[in-house]
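Both complexes below contain subunit A, partnered by subunit B and then by subunit C.
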Partner chain A sequence: MLQDFLNSAPIPLLSALATLVMLLDAMKRDGARIVFGFSVFSLTAAMAAAIYTMFLPDKTTAFNNMITCGGYGAYFDIVFCLGGVLTLLAARPFLLASNTEHGEFYSLILFSICGMFLIAHSNNLLTLFIGIEVMSVSFYILSGYLRTSRFSIEASLKYFLLGAFITGFLVYGMALIYGSAGALGYNEIYQAVQGETGARFPMILLLGMGLLIIGLSFKSAIFPFHQWAPDVYQGAPTIVTAFMSTAGKAAAFSAFIPILAVLTPESSSPVAAKIGMLLAVLSAATMLVGNISAVVQKNIKRMLAYSSVAHAGYMMMGLAAGSVRGASGIVFYVTAYMFMQIGAFILISALERGSEERYQNLEDYAGLAKKHPVMAALMSVFMLSLTGIPPFAGFFGKYYLFTAAIESGYTWLTIIAVISSVISVYFYIGLIVAMYFRESDVQEQDSRPGLAGISLVISAAGVIILGVIPQFIDKIAKSLF
Partner chain B sequence: MNLQSVPLEYYLTLSAILFVIGAVGVLTRRNAIIIFMSIELMLNAVNLTLVAFSQFFGDPGGQIFVFFVMAVAAAEAAVGLAIVLALFRNKQTVYVDEVNIMKW
Partner chain C sequence: MSVTVLLFGILAVVAVASGISTVMSRNPVASAMSLVLHFFTLAGIYLTLQAQFIAAVQVLVYAGAIMVLVVFMIMLLNVGREEQMRENPGYRTIIGTALGVMLAFQVGKTAFTDVAGRHVLPPGSAVTGTTEALGETLFKMYLFPFEAVSLLLLVAVVGAVILAKRKI
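Presenting the complex of A and B:
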């Protein structure tokens, strides 16, 4: 029992600390500063625990095979904690500027990370379901955090109604898989799907797989279940968008990889080939829809939201490939994407300084290089990385995924991915052009990013380091499978 | 009456019908609270499926799953009604077609 707790240290540790953060907030009036400090400490502690469990000698499971320990899950834990710390550091100046700093913001971020931990570690459909719900319910609240803002509350309502609707499909899919395999654990399902007799009701199994894929596609904003993403990402407080669009997406993919490995055990079987083709088509449609819609956007958060849909499409290529290279490519891409997307959104939140009107439209960014040269330079780094230009992280992320897709025989998918990357140049580079080569007559007082500056520097450093020495993370990613 | 005498298919069909009624309700209704009720109907349809399978296999896993689904549904209800309340304070409406400031 104690061994189970030690092997899965980050999950119980962060759950306990997050609860403590909530209690601390309830006990101390006006103690938001202490709550903030304690939240950052909790995440750092959880990250340390995750690093400790990552180097456990052998991969085990804990609590009667409910969760896996170390390796894959621990790597994702580190990514989530990193995203959480970057968000928290930038959140304090953002919330202070809009005069809405309450301790519950920090505890909600921690609770959503607890949910993500469970998702990444899940070895049972029940754990997966609870993880997804803990994460989603926290996100519903966070996206409506500025409850007097029309945008925020509309985003929250849309996210909640659609999210709860899709939860119905997700859990129906799980119920049907349970009905077909006769068990909820991944190991038992794997054996039932693989066994000579096969699953008891093959039709029900297929239906269940379809519904489960729909549910997870919604959480990672894959076409045709991406409609919520632009509205929610635009309306939610920018700092929340930064967190949802990176860590939330990473969590959805961390669930996708093992569940597909369980449900399609032999990659040569006809069902596996059909699922692979389905994922490839979804991936192609997602990148095209995301990038083409982003071209016509005027609002920067909406543009980045569509671009995040497109990036989900790139990551889906790794799932379609269905190989170790594909999976490790997703792991690398998730890490790279975490730095570049969170950096871009944090930069917007730092420029906004608590107003919902400032720096919302693309034309507001004209002449930014003169007003805030450092901000403009950092934004350029993130945009170039999102485009996939070397030597930044985005380039190698795409490189690994594209080669994985070609190796699995999806050359056409890679061609579509390259075409849609070319389309994306228009709006990413367009922003850089606006910042450097256009003039604006609006005068601005200078903005002090404060703690957000630390997040920005870490994100930019991450983007550059991952771009210069990608082998390091790539080697770790490959060792996870 | 012995429950075992009712075949599994009957439970599955009933829950599928309930699920579809819920889904159609979500797609056609415009009142946020009625949409939410329809979602609850969908979740309860799933619970019925789980319990039916659980009974069929003689495996308690499905019934435990149902407990968690109910707990999650309760948590979602709390959050969802709070969101609808915040919306009403803002805009004096609970009709989702009147909530559309963000469009492209």
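Presenting the complex of A and C:
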């Protein structure tokens, strides 16, 4: 039992610390500063624990095969914690500016990361479901955190209703898979699916797979289950959007990879090929819809929301490829995407500073280079990386995924991906053009990023380092499978 | 005839009677009360099937929590006696009857076809429904998800307070 706790150290550790953060907040009046400091410490401790478990031997499981330990899960733990720290640092100035700082915000972020840990570690559908719910419920609350804002409430309600509906799909899918395989554990399901090699693939299993894919597609905002994303990402507090659209998406994909590996054991079997094709079509549609919709957006948060839909489409290419290269490509992309997207949203949150009107529309960014040259430069780095311009992380993310798709025979998918990347140039570079080459007559008062500056610098550094030496993370990502 | 069969017979008759009374009663409160009785008799039937845990959950969840919601709804909406429903048999009646006949047919077919070995319970199945067996599985095999659920409930409670409390 003790060995189980040690092997899965990040999960119990962060759960305990998150609860402690909540208690600390209840005990200390006006102790938001201490709560904030302790939250950052908790995430750092969890990250250290994740690094400690990173080098466990392959296929280590704990608690009766309920979770896997080490390698894959630990890597994602580190990514989630990193996202959490970046968000927390930027959250404090954001919340102070809008005068809504409460300790609960920090503890909810920690709780949602606990949920993500469960998702990335799950080796059983039950654990996966609980993880998804812990994460989602935290997100529902966080997106409605600004209770006096109409948009925030709308986002929360919309997200909650749709999310609750999709939970039904998810549970139904799991139930059908259970009914067909007779077990909830990944290993047992894997064996049961492998036994079904004949022409008569059980319908129940197929239905269950379909429903499960729908559920996870919703969580990662894949077309046609992406409609909630623009509304929720726009309405939620910007700092929450930063966290949801990166760590939340990473968590959904961390569930996708092992689930598909279990459900389609041999990529040569007809069912696996069909599912691969289905994923490829979804991926193509997702990136086209995301990028084309982003072109016409006027609101920057909405534009980035659609762009995040498109990026989910790129990541889906790795799933469609169904190979180790595809999976490691997703892992790399998730890491790169974490830095660039979180950076862009944190930058917006630092500029808007507690007001829901400032720096919302694209035209507000005209002439930003004159007013805040550093901010404009950082924003350009993030935008160039999101586009996929070579020296930055986004380029190698796309490169790995595209080669994985070509190797698995999805050349047409890669062509569509390249076309949609070209479409995305329009709005990403359009923002840079507006910042540097257009004038604005609005005079701005000084807006210092404060602690958010640290997050921005870390994000930009991550984007550049991943772009200059991608082999390092790529090697780690390959070693996970 | 053993006691179990006798008990089952009584419970079944009461269950069907209370079910009919739920549907037929014109007074919503009387309807709700019949439903409570129905849930209790169902719990009794589960007991005769050796499923103590499900019986307890049936009472707690259905007869307890869900019925409270129903009664609250009746109170809040202040529903009085139901208006006389239109008597012409609409499509609802037809579909309902058809579905009912189908269900009765299916139940009858299952009950009267003799599958070999159907009446022989697999070994160990008598204990799977007991609270003891359930606790054993819950706290040994599924200990981790069981503990993880507490996290989910905690988040939900915190969220309810944050979103609903007037002043935080």
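Throughout what follows, the second predicted complex is superposed on the first by the 472 of 481 C-alpha atoms of A that agree within 3 Å, B and C clash if a C-alpha of one lies under 4 Å from a C-alpha of the other, contacts with A are read in each partner's own complex, and residues count from 1 in each chain.
Just so we're on the same page, a contact is a pair of C-beta atoms (placed from the backbone, for glycine too) under 8 Å apart; a residue touches a chain by one contact, two chains touch by 3 or more.
Treat the numbers as computed from the prediction; the structure is a model and nothing was measured.
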First (subunit B), second (subunit C), both or neither touched by A:A155: first
Touched partner set for A:F63, first subunit B, second subunit C, both or neither: second
Touching partner for A:Y436 - first (subunit B), second (subunit C), both, neither: neither
Touched partner set for A:E133, first subunit B, second subunit C, both or neither: both
Which of subunit B and subunit C A:R147 touches, first, second, both or neither: both
Partner chain in contact with A:A164 - subunit B first, subunit C second, else both or neither: first
First (subunit B), second (subunit C), both or neither touched by A:M22: second
Contacts of A:C114 with subunit B and subunit C, given as first, second, both or neither: second
Interface residues of subunit A shared between complexes with subunit B and subunit C: 126, 130, 133, 137, 140-141, 144, 147, 156
Residues of subunit B that touch subunit A when the two form their complex: 12, 19, 22-23, 26, 32, 35-36, 39, 42-43, 45-46, 49-50, 52-53, 56-57, 59, 61-62, 64-65, 68-69, 72, 75-76, 79-80, 83-84, 86-87, 90-91, 96, 99-102, 104
Interface residues, subunit A side, partner subunit C - complex: 15, 19, 22, 62-64, 66-67, 102, 104, 107-108, 111-112, 114-115, 118, 124, 126-127, 130-131, 133-134, 137-138, 140-141, 144-145, 147, 156
In the complex, subunit C residues that touch subunit A: 140-145, 148-149, 151-152, 154-156, 158-159, 161-163, 168
Of all residues in subunit A, those that touch subunit B in their complex: 125-126, 129-130, 133, 137, 140-141, 144, 147-148, 150-151, 153-158, 160-161, 164-165, 167-168, 171-172, 174-176, 178-179, 182-184, 230-231, 234-235, 293, 296-297, 302
